[in-house]
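Paired with chain B in one complex and with chain C in the other, chain A is shared by the two complexes that follow.
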Partner chain A sequence: MRPFVYQRASDAPSAIQNLATATAANNVLTEASAQPLAGGTTLIDLMKLDVMRPKAVVDINPLAASWSNVSLDDDNLRLGALARMSDVAANPEIQQHYPVIADTLKLAASPQLRNMASLGGNVLQRTRCSYFRDVSYHNCNKRNPGSGCAALEGFNRSHAVLGTSEQCIATYPGDFAQALMALDATVEITGRSGVRKIRFSDLHKRPGESPQAETTLSPGELISAFLIPGPWPRSVYLKVRDRQSYEFALASAAVALDLQDEVMRDARIALGGVAAVPWRAREAEAILKGQKFDDALIDRAADAAFADARPHRHNVFKVALGKRVISRALHQAATMEI
Partner chain B sequence: MTNQKDFPAGPGFNRRTFIGAAAGTAVAPIVAKAAGASGGPAATSDPSLPVDVSLDINSATRSLRIDARTTLLDALREHTGLTGSKKGCDHGQCGACTVLINGRRVLSCLTLAVVAQGQRIVTIEGLAEDGELHPMQQAFVDQDAFQCGYCTPGQIMSGIACVREGHAGSDDAIREYMSGNICRCAAYPNIVAAVRQAARAMSDEQKG
Partner chain C sequence: MSITAPEPKANMGQPIPRYDAAAKVTGKAQYAADVPLVNPAYACLVTSSIAKGRIDGFDMTAAKQVRGVIDIVTHENAEQLKEAKLFSNGGYAGTTIQPLKSADVAHTGQIVAVVVAETFEAAQQAAYAMKVNYTAAMPSATFDSAGTTSAPAKGQLAQFKEDPKVGDFAKAFNDAEIKVSAAYETPPQHHNPMELFATSCVWLGDSLTIYEPSQYVYGLKNGVAEQLGIDADKVRVINAYVGGAFGSKGSMTPRTAIIASIARRLGRPVKLVATRAQGFTIATFRAETRHEIQIGARRDGHLTALRHESWEVSSRPDPYAVGGTKTTTRLYACPNIESRVSIVRADRNTPGFMRSPPEVPYMFALESAMDELAVALNMDPVELRRVNDTAKEPISGKPYTSRSLMACYDQGARAFEWEKRSPQPKSMTEGDWLIGYGCATSCYPTQMAPAAARVRLQRDGRVRVEIAGQEIGNGAYTVIGQAAAEKLGVPVEKVSVFIGDSDLPPAPVAGGSNSTASTCSTVIKVCEQVRQKLFEALTSNESLTNEAKGTVGMGQTPSTPSASNDRPLDLERAFDALGVSVVEEYGEWKPEGAPMDSFQAMYKGQVRMVGGSEMKDKIAYAFGAEFVEVRVNKWTHEIRVPRLVGAFAAGHIMNPRTARSQLMGGLIWGMSSALHEATELDERYARYVNDNLADYLVPVNADVSDVDVILVAEQDDHINPAGVKGIGELGNVGTNAAVCNAIFHATGQRLRKLPVRLEKLEI
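On to the complex of A and B.
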């Protein structure tokens, strides 16, 4: 790990000030010379690997007093960005009114990591692509823009089939983001000029020509909260992985249904483990919406979700797996007792 | 950039530091300025200088002068002689370094020592009382829940938290909530038995 200056933030303005001034030449947040530190389970890991090299680390944990609240009113859930994954997963109201959120958190990482990790850091976790994490590989466009992509011809079993580009096929690894995608969450961002709000679906950028730019945040902006309309009592997260616990998704689906007399008045599907960014399967939703719950229809929707899939040598299986995950998640949601 | 008035002017965020900060691009001088303004502890502008860190480990205060990069795991093992917490992967993947901070199980390999200041840290060395093993330690002995023993301190710390969290109600729950602790010797069945035994002992202790 390279030397850095440790700075403990006393309040949001001072944290933002320290972060904002340490810009990256290219305005890419993850390359900025000062990085916020929450749980550190991504940042410290990547600093040890020499993938991230901040000259200053701004500890934002002192802001937890105001930024870790969870509140639920009639039709809005507010989750502070410094709330810890384990605390939100264990919240009985969230389990009851937003089970998909509790599930995505409970099925992620390990109990120790969930005790440490914050919600804000969670959505900004970086890909587990092993060529990205291993700096002995020069050719990684995400790490060294313009250097190529070792995964294209390398071992790409865990890589994405949706939303990729010729420059990068890395998978977005997180689970919680799929719940936020499915439920049309809003991100509250606090920066130098105050607070702005964006749709969660506008937070992550597809890799395109510049996979190093992962989000629409600028240096000096902090996620302060997530706002989620609801409730969505009929919602589930299904995560399929190589082992039963403590593993990233090979394919996963966050599903929420508004079901009345077997008719899907609304259907939400977001996919994990298969896409370059948190992924909403809107084509599939359009097929289901307003229709009677029906197996043939669900098969059609699952096909539509993967119509544009571009698998590579070792991840062809993700297309069939992803479709089955959609189907099973929809069945689970439809049959849950609420 | 223009409407900084959205933030109430307060310590560390007045117009002068805002302009000074906004004009610069290099990190070091700005952080130095901000450090003075916000009065954060352990702030220094030179990353090569050590920082003073005071840790509350097993109810004793330890004052260390260490590199800011030092993880809590390295602070324990290399700077305070507490080598019970183990380094397996050093990347948050194995659980061998598990300790309790404020009663919660966390990974000391991904925790910076400077961040752990002012919090109650308990390691495997802090469990036994008056020479008597903690029920979780005793259960690991009784159930033969280790072979090489390298993962064991982490398993025991994690097991204690697992029971206190209420996640030891069934073997399945134990397996799920102990999954953050990998055992290279695959002593898993005995580890589950040990956590089950300790869960009973710990609840008896609470009642009695």
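On to the complex of A and C.
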């Protein structure tokens, strides 16, 4: 690890001040010379691997008093960005009214990591692409813009089939983000000029020509909370992986249904493990919405979700697997006792 | 799964808790890198990002600017160490590829520089700041890569003596009523012990102390001395505990002499803890293998013809091969057998032992093929093994010293409720899950090697045992303590055991599952010497019968009825008669049939292993039968293993508790080798892609639900004084085949290439 300055924020303005001044000249957030530190399970990991090299780390944990609240009013859920994954996963109200949120958190990482990791840090976790995480590979456009992509012709079993570009096929690895996608969450961002809100689906950027730019956040901006309309008691997260725990998804689906007399008044599907960014399967949703729950229809919807898939050598299976995961998750949601 | 220690059956010792349990669970156990050093410098390795080519030069500007950097060692300025010969060629090393000798790069992750600094952090930072310029050539990564060469193993390495053969395979196969031909493949795997490859070197004058996790402190001591050109008596290797090894710490790696040489040059202790990723390339690994098996059988299941041909990958310079045909050609009765092993050379680091090196890949092939034969015969796979069970190995007709394979099958089948299996594939389901039952044979050669020990008995009944064995998690402290306690008739709490130090009397490598047999046989022998001495002091005025001498305890009541007429040995009086308060004996033991030079070799850190299929007039193996329940999700194709049952017979079981742990770990590891573990290669660069514990999958607790180990009672008086067959490498043999056999039963799909990933299922 390279030496860095550790700054402990006393309040939000000072944190933002420290982050913004240190990095004013630099636009790509992930390359910014000052990085906020929450649980550190992504940031410190990548610093040890020499992938991230901030000159300063601003510890935002002192903001937890105001930024880790979880509240449910008028059926709208507010999750503070510094809430710990384990606390939110264990919250009985969330388990009851937003099971998909509890599931995405519970099925992620390990208990130790969930105890450390924050929700804000979680949505900003970075790809697990092995070539990205090993700096001895020169060719990684995300790390060295313009250097090529080692994964394109390399070992790409875990890589994405949706939303990729010729520049980068890395998978967005997180689980929780899929719940936020499916439920149309809003992100509350606190910056120098106060608070702004954006749709969660506008937070992450597809790799396109510049995979190094991963989000629409600017240096000096912090996620302070997530706002989720609801409730969504009929919602599930299905995560498929090689081992039963402590692993990222090969394919996953966060599904929420508003089902009345077997008719899907609303259907929400977000996909993990298969896409470059948190992924909403809107084409599939459109096929389902207003229709009676029916196997053939669900197969059509699953096909639609992967119509634009672009697999590579080792991840061809993700297309078929992803479709089956959608179908199973929809079945689980439809049959769950609420 | 029961958590209480198993009750001992016939010919089993007491299930006492581990000697080192408290130290380990309280964090008091000191591993090599935990040993505090005075004023150490910290080393970090820089390893090559190319697999083949040359180093053109280094740009060290940035690295040198890191505050606290003391030295940067490369091939341009390193001390030229003496050649390291392979352990299989009269040396100690696991590879002859010696880094820091020239600009050549022979494999990915080869050490190209060592940065030494005042702190670990500075060393790491400078290591990252090092720029190495290479001229890279196109490497040959593995089987089928352009530029690899293949040649028969026979004649290339001393360990591989023969391609076993008997009868006329071609004719018998041609005439066979039922035939099976199939090809199998196993992937590269890395040991990934929890404890990283650490080395600390401390010089005091011209004496060197090395703290390093090693499965063979005597080998390491002698090997490093040879490379440094110093007297082996000046080198001491210490490791009270080894945090897992699985073969990776059995032979010397290049790092040790390099760190020792840097410590000498700097005149201060140097400490290295290589990273997890570096562990994939600075030590050995289990290489990928390919197999073709042909079996001919009569309709009643009797084998008439068997052919096993295999290919293994090794490095360019070193002919390493595990050659498991020595086991697979001798397992079942069959009059016509042929085999061949070839080595394929690629631009890789040299592979080496990994837990059951030959048996894991080779038995996967044979035991999968046996299952395919059972299907072709429409016969129960357990019955197929019964039909072909044999008391003599078929190649040269030598008798097995003992063989309880079918007892294992019967007890295992009962515990598993094998009879509930409906034979048709795809015939058992529950909800979304297809259920499959599979089984396979497990076996491992019984091996022994010479060792020496020192045993001290005090007048107060306290005992000190010294032997340079290694505690690699195998329970060495515990069983050595038990062996001494039993022989001397003292409570085990009174025995202190000292191992893991090359200043102690030599013991062999903790490998090949020989440790318990060798060290306990030796300790038993030296305890006899102690007893003899005490008895002799008393015989003038005592009238103990010889029989009583053999059974009576020290200060305890005689243990057998035949001895009960005699009085227990009175320790006080024996010591009075001797006129001392301590009796100490040093002794050496070597197994029957060990070569003449065994003891000399032992002191030089070279093992002369005896056993398995390589004894003159007999063959010795431990056996087991493994049963697996697999569940495959119809929709997602996830594969889960809710149940593992293994029944094992391995001669005298010193301690049913530690034995069960070993075998349980083995079963889990075996499942892992079917479903999880594989090192992924990027063939373009001949590099390992998943060189970390997040991506190199091993089972987590959630993957392991019910593991049942059955210890089958067995007595074998033809192997060694302890009556012990090794079990360390028994449990993980055959499990991979049992899992695939169960997957076939669940899905109707035969998977012949490991690891099985869900995308390989086409259901």
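FYI, the second predicted complex is superposed on the first by the 335 of 338 C-alpha atoms of A that agree within 3 Å, B and C clash if a C-alpha of one lies under 4 Å from a C-alpha of the other, contacts with A are read in each partner's own complex, and residues count from 1 in each chain.
Basically, a residue touches a chain if its C-beta (ideal position, glycine included) is under 8 Å from a C-beta of that chain, and two chains touch if they have at least 3 such contacts.
Just so it is clear, the structure is predicted and the values come from calculations on it, not from any experiment.
Shared-chain residue A:245: touches chain B and chain C both. The wider contact with chain A, measured as residues touched, comes from B rather than the other of chain B and chain C. In the superposed model, A:61 lies in contact with chain B only, and not with chain C.
Residue contacts after overlaying the shared chain place A:14 against chain B, while chain C stays out of touching range. Of the two partner chains placed by superposition, chain B and chain C are both touched by A:3. Contact with chain B, but none with chain C, is seen for A:112 once the two complexes are overlaid on the shared chain. In the superposed pair of complexes, A:327 makes contact with chain C only, with no contact to chain B.
Judged by the touch definition given at the top, the superposed model places A:134 against chain C, while chain B stays out of reach. In the superposition on chain A, the residues of chain A touched by chain B in one structure and by chain C in the other are 1, 3, 244-246.
Across the complex, chain A is touched by residues 1-4, 6-7, 10-13, 17-18, 21-22, 24-25, 27-28, 30-31, 34-35, 37-48, 51, 67-69, 71, 90-92, 95, 98, 104-107, 110-112, 114-115, 158, 161-162, 165, 167, 175-177, 179-181 of chain B. Those residues of chain A that touch chain C in the complex are listed here as 1-3, 50, 128, 130-131, 133-137, 150, 153-155, 157, 238, 240-247, 250, 316-317, 321, 324-325, 327-328. Those residues of chain A that touch chain B in the shared complex are 1, 3-14, 17-18, 20-23, 33-34, 37, 39-41, 44-45, 48-49, 55-57, 59, 61, 86, 109-113, 115-116, 192-195, 244-246.
Chain C makes touch with chain A in their complex at residues 47, 49, 121, 124-125, 128, 277, 635-638, 640, 675-676, 680-682, 684, 689-692, 694-695, 697, 699-703, 757-759.
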